[in-house]
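Below, chain A partners chain B and then partners chain C, in two separate complexes.
After this line comes the complex of A and B, so read on.
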């Protein structure tokens, strides 16, 4: 897939070194960028700090299990320019690792912990990556499509 | 002079009359049932008619734990600790389907299947969530339960 540079203005604003980290782009009310997983942090860094873009607010950070791979979704909002953008990146299902954006937006600290908790995606460079919603002894990552409730748990619930 | 000024009754009856009309619940909400519990305290439903309007922020001062909502496995140790911190005599009310049996969350990985798995429950109030009238009905049943108890004798002589 090639990037349609005329269609998506945000890609035009990226320096060439970062623009090559963009795999695909989609225009719309909320433009989408599909980026290379290992480039997430530097692209986000630029999106947050560049005065032309200044996406200073991380609205949402989550993941989707597409069976063969995970897709990370970042929704960013620029309070100065009043616009939003969605960043997506694909993560390997067997070895789910992605760079952390917690040093760019503090809000990412909890959201990356939640994504780690429920999907089991590790974020490199996160200051305190541990479970947040479930208890520490919990086994597995329940929002994965291949997660099944343990058999003894089911029989206990059907007491 | 004494005529009309003396009232004869049994001590534990008088004692229970006072207890049942001053059941102070704990300010403790877990989910949407808590919103109905809050609505119960407003003038439209007026929980103050039963002397229960004094929601205490500390379990040390509370008589009644209204478990209003879903108890998750992560929250369960905190609920049990709050219960342990309450002084006797104390009462637990399971409000809503979640607190009774896990309700709509049967099959979930992180929900306790009823708060009675972690503490003794006196009154179960069904509903999802129960309306304030239902909560009041449950609390009136709790009052009847208190009326039947002989707690003064239990405290004084260690027997029922």
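After this line comes the complex of A and C, so read on.
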């Protein structure tokens, strides 16, 4: 991503207090903003409610395991303006916690639960954070890159 | 006589009747849950007080498996997500791979994709409307009539892909095989037959007093809730928003097609049904136009089997029968994706299920669930 954030027009539409939370930005058909993890909720709130931006539709919420860190990815669509934006945030591997955006878009409820289930990233403020695809007693978070249990261990767990 | 009444009055305790909320488990093995969906219902008498969905009974670790297989191998895995509409799953996946790797798709291949994609939409909506009828209690007649038409589409798909359900037909760069003249002829026959068939089905259902009283004003989803929950496809359009990715994004050759975006007014169960019926008619129009405009040419760009896209990521967004199908693929430059995530419309559509079922009677809850048309293959992945 370019570090010249001011070239990306969306950043200029953010109030200075929030623009300060944007670490890097990339322009393009779908602009990308890399934001500070603790500012995710505020920035998303502004993106969703501001009339000029109006990113009221959460298309996709997921994560990628980059070994040293997790990267949360949010794809937002503005129905009014007909454009999309991607928000990314990095989460520590040892203490994977991020603010929840479930109160902004209800679509985040299930998607954050899925990210918690498969990656182990906790979302502060989520109304009901528990596993969604795997059974409750499951140990581990399978989509992590270090989750590659040999078959014998998996069947031991199931017993 | 007087004596017996007195005895009965003594036997029945007077005063308030105690009631209790009961927790009833619906599914996962249940004829009306559209796959292995489990909903834990808390009932106060016949009314649903709380509905907690439980997923995962069909979780096969698709996203983890995709990291093991090559980009080409993963196409066959995508068939098994929304297994009632495998073609559009394929389409969403290969579109993401093409964006990632900068692969061009020949014009003929785009037209083939549209024809096949719209046929898939018709077949999928036939299944959706049929199962919806089942859940109201129309007891198989509309289902079997619609399946008769769906069989015609499955026969067409068997002609070009060799399979009836898991087609593995789309490829990064095009499609696996060209359309044959026989396919075009049979599709034309289908296009001539389907509107009449749909008229018959509508004759059974659309004006039916029982269907109307069971579906009108039941399970209303206000538009702002639909948008907040990220609903897509017919579910969102039934709430009144003319949001169809084929028009909004104008991908493939859809901008060259004339068709209307079908919307509902209220967002009740009946609207979600009627939107699907009308969408079938619009799809038939698109298929006819695509066949007329079908140009000669290649059906697929030649690619090496184990191609390596550059490092990067891509998100594809396709209007599938159940809503917006997206694939978010991250490449690290190797022959297999580093991360492959499906934005599954049914998974996200089901987000609203707790809110939707609260306050409904059990029988209406079943119908409201059916109107969302979920397929567990893509919910659980």
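Quick note on the criterion: the second predicted complex is superposed on the first by the 145 of 159 C-alpha atoms of A that agree within 3 Å, B and C clash if a C-alpha of one lies under 4 Å from a C-alpha of the other, contacts with A are read in each partner's own complex, and residues count from 1 in each chain.
Definition applied: contacts are C-beta pairs under 8 Å (C-beta built on N, C-alpha and C of every residue); 3 or more make two chains touch, one makes a residue touch a chain.
None of these values were measured; they are calculated from a predicted model.
Contact with chain C, but none with chain B, is seen for A:60 once the two complexes are overlaid on the shared chain. In the superposition on chain A, A:109 makes contact with chain C only, while chain B stays out of contact range.
Counting the residues of chain A touched by each of chain B and chain C gives the higher count for C.
Applying the stated contact rule after C-alpha superposition, one finds that A:142 touches each of chain B and chain C. Of the two partner chains placed by superposition, chain B and chain C are both touched by A:134. Of the two partner chains placed by superposition, only chain C is touched by A:30; chain B is not.
By the touch criterion defined above, A:75 reaches chain C but does not reach chain B.
Of the two partner chains placed by the overlay, neither chain B nor chain C lies in contact with A:97. Taken together, the two complexes place residues 133-135, 142 of chain A in contact with chain B and also with chain C. Residues 55-56, 59, 61, 63-64, 225, 227-230, 241, 243, 248, 315, 317, 324, 326, 328, 330, 338-339, 341, 343, 347-348, 350-352, 380-381 of chain C touch chain A in their complex. Across the interface of their complex, chain B is touched by residues 133-135, 138, 140, 142, 147, 149, 153-154, 156-157, 159 of chain A. Looking at the complex, you find that chain A touches chain C at residues 30, 56-60, 62, 64-65, 73, 75, 79, 82, 86, 105-107, 109-111, 114, 118, 131-135, 142-143.
Listing the residues of chain B that touch chain A in their complex gives 73-74, 102, 106-107, 109-110, 113.
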